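Next, two complexes with chain A in common: one pairs it with chain B, the other with chain C.
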Partner chain A sequence: MAYSSKVIDHYENPRNVGSLPKEDPNVGTGLVGAPECGDVMKLQVKVNPETGIIDDAKFKTFGCGSAIASSSLATEWLKGKTVEQALAIKNTDIVEELALPPVKIHCSVLAEDAIKAAISDYKKKQDAQGQPAAGATTQPTA
Partner chain B sequence: MAIKLPIYMDYHATTPADPRVVEAMLPYFTEHFGNAASRNHPFGWEAEEAVEKARKQVADLIGANAKEIVFTSGATESNNLAIKGVAEMYREKGNHIITAVTEHKAVIDTCKRLEKQGYRVTYLPVQKDGRISLDDLRAAISNETILISIMTANNEIGVIQPIAEIAAIAKEKGILVHTDAVQAVGKIPFDVNALKVDLVSISAHKMYGPKGVGALYVRRRNPRVLLAPQIDGGGHERGMRSGTLNVTGIVGFGKAAEIAKAEMATESARLRALRDRLNERLHKGLDEIFINGSMEHRLPHSLNISFAYVEGESLLMGINDVAVSSGSACTSASLEPSYVLKALGAGDDLAHSSIRFGLGRWTTEEEVDYVADKLVSVVTRLREMSPLYELAKEGVDLSTMQWEVH
Partner chain C sequence: MTSSHTHHLQVCRTCGGGAPVDVHFCPSCTKILTLGRQGDYFSFLSLPRKLNLDPALIEQKFRALSRQFHPDYYYNATPTERRASLERSSYLNDAYRTLRQPASRVAYLLEVEGVLKPSDHEAAKKVPASLLEEVFALNEELDDVREMRASGAPEDAWRARLATAAGPIEAKRAEHEAQLQELSTRWDALQDGDDAGRQAVLNALRERVLERNYINNLLATIEREATGTGGPQL
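Presenting the complex of A and B:
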């Protein structure tokens, strides 16, 4: 299978690989996928409590090159966005940016799920602390 | 010495033709182009003589009589002819066939078609080492069983089945035995009389011959095996397989068989040493890697390893100057992980993480070292970005985690 140059670039130079402290109340963690399906993504966001802006994002992915590229791209896009803007990222945006072929669309879907799961985890933590999530409206989590 | 890239380490898929094979074939494209079935002029006689020489060369490689060799277009056709030919010919005797879940698709899909036509097929499971259990085989045999078809060596994991034991059980009950020996013939000693098999599928391009030519060994004595032909026409190959013979390909097949027989002992010892070197280097450089299938009962040039916590396609992407195969779903058209590895019961995640290495006649020590070192570095890099590796290192048991299966 031929990969687009953008997929290859993200695979060879993945952005923001790593982990953020899971217990930090300002960090949201999403872990989606399953090993038997051949892809698992962990995506984390760190929201600045003052500004409500995501100022750090990290990922780790078990999966094919397109899955790695989708999550790497997602972390790039997340930085500098508010929580609400982050939720607006669609898998189709990732498909377009990385020129993913039809058989790899599920990789982009997984990346979108990972974003939503991370944000949902962040909001849950904020709610548990009895304060509204920074930058968040009262919209229910995805 | 500089290594030439890309490196070919996928010798189970196909092999390049040996230059000696090509040299033997060349005159049969032009000068000696006759139809081996032309009985009335020297062009035909020359072609026939060349075919009969090749038939003897192929027969010698497996301890058969030349008259027991039927040339085909390849092993897929040989498997079809053996299984469908027996099923049709022995229909009066019974309608049950026994095979295994790890067989090549050319056997499995042939059996599936026969099931649609009213035959009953038992697909034996395999044990963790990739071999069938002889007790399972005995238990599966019924009065209706007419054929047992078990491959000699598996194309994905290189595991060798206990063919002699299987045939001994079959003989007691008067059941015919077919074996798809494509991966084994020319690589390890194989003798139809020592093994007591009745039908054997072979392919030229897996043993440094040309593509598009294969053979089916059909036993003529004790018992004499009869086959219903699956291709009708001019009655070539003693009526078992019509169609003008691929003289050029057959000549090449014969030469390839002759070379394989002469060089098997030294070649297999050399490849075994290289394969073991690859295995040791990988084990030295990486933890949590698992060999798929028996190491004891394995082709000498074959290795199949799962690199836990790393997905196969991303691994192949990292070693894109090395030609190997993966059992990962992402590398198959069906988007399903390898059914052979699943049958070993190792778990789908390890099937997704597997790489098949096939060494061959032109594999060098430098290539083995290059491939091993490259894999160690790529696996290490991918594990650093693998959430599964991180969880495992934290002591989480991945098998008990709740995953959202999508």
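Presenting the complex of A and C:
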């Protein structure tokens, strides 16, 4: 199949590959699998507790080029966004940006799922600490 | 294959008489029946549809039928009987091969009970949620092993690393075997008519079987890496 130049670029030079400390209360980890092809994708966000802004994102994906490109692009987009803005990223945005063919749309769905799983893990950690997650509420938490 | 719950009659091609579905010889003329309608592998071997079957009993049933169907005995018989002998011998071999191994026996049971279609084995390629952690960790380890090999690490070093990677998957497989065994015992103890209980056990068995297929795929991946035929795929 023909990959778009953007997919190839992300595949050959993936951004933000790696891991963040899983135990860090400001790090959220999302681990998801693609039912269509058996890919696995791990995506992590690190939220600045002061500002509620995601200041780092990492991923590691075992799968096809489109899955790697989708998660690589997702980490690029996540940096600098608030948690709420991150949740607004849709798989269709990724499809459009990477010009994914219909058979590879599930890779973008996987990336969106990974973002949601990472954010949900982060929020769970914050709740467990008895404090509202930074950026998770519209009210300022003085 | 039709459901074994419907009691079709077989028709004897020799005398035209009718015969119950799971007999092998015509009750009227005693000739061997051609294979038309039959039940399933369990009923063909007159075994109960259970999972913990005594291997000696399966063996004994197989040998007895094998003797009765053997084409050598039909050397001088009519073409119809010769064909029937070949058909029954061949079906018997399939039944024996399938039921002899506990792994294929449970998969077959799920098929005849209608909860697992052969095409569902495609589902074994999917990562079950319960295995995501292990799959991810294994992939990372395999990456490391490939890197070690690429940088010329000694063979016993990367082999040791590969063995470490296989550990959790092998533990998972052992855990699965135990769960399968427990469910098999529950299935065998079910009473006729307990439809809700049957369905619950069948669904749990189905999940285990599909997961096990996936675990076996992972172990095969490790094996390929060990023999040097693995590698990343785009």
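Simple rule for what comes next: the second predicted complex is superposed on the first by the 133 of 142 C-alpha atoms of A that agree within 3 Å, B and C clash if a C-alpha of one lies under 4 Å from a C-alpha of the other, contacts with A are read in each partner's own complex, and residues count from 1 in each chain.
Please note the rule applied: contacts are C-beta pairs under 8 Å (C-beta built on N, C-alpha and C of every residue); 3 or more make two chains touch, one makes a residue touch a chain.
If you're wondering where the values come from, they're calculated on a predicted model, not measured in any experiment.
In the superposed model, A:14 lies in contact with chain B only, and not with chain C. Looking at the shared chain after the overlay, A:88 reaches neither chain B nor chain C. Contact with chain B, but none with chain C, is seen for A:103 once the two complexes are overlaid on the shared chain. Number of chain A residues touched is higher for B, counting chain B against chain C.
In the superposition on chain A, A:62 makes contact with both chain B and chain C.
The interface of chain A with chain B overlaps its interface with chain C at residues 11, 31-40, 42, 60, 62, 64-65.
Residues of chain A touching chain C in their complex: 11, 31-40, 42, 60, 62, 64-65. Chain contact summary for the complex, chain C toward chain A: residues 125-129, 132-133, 135-136, 139-140, 233-234. Residues of chain B that touch chain A in their complex: 309-314, 317-318, 328-330, 335, 337, 347-349, 352, 384-390, 398, 403-406. Contact residues of chain A toward chain B in the complex are 3, 8, 11, 14, 17, 19, 31-42, 59-65, 67-68, 103, 106, 109-110, 113.
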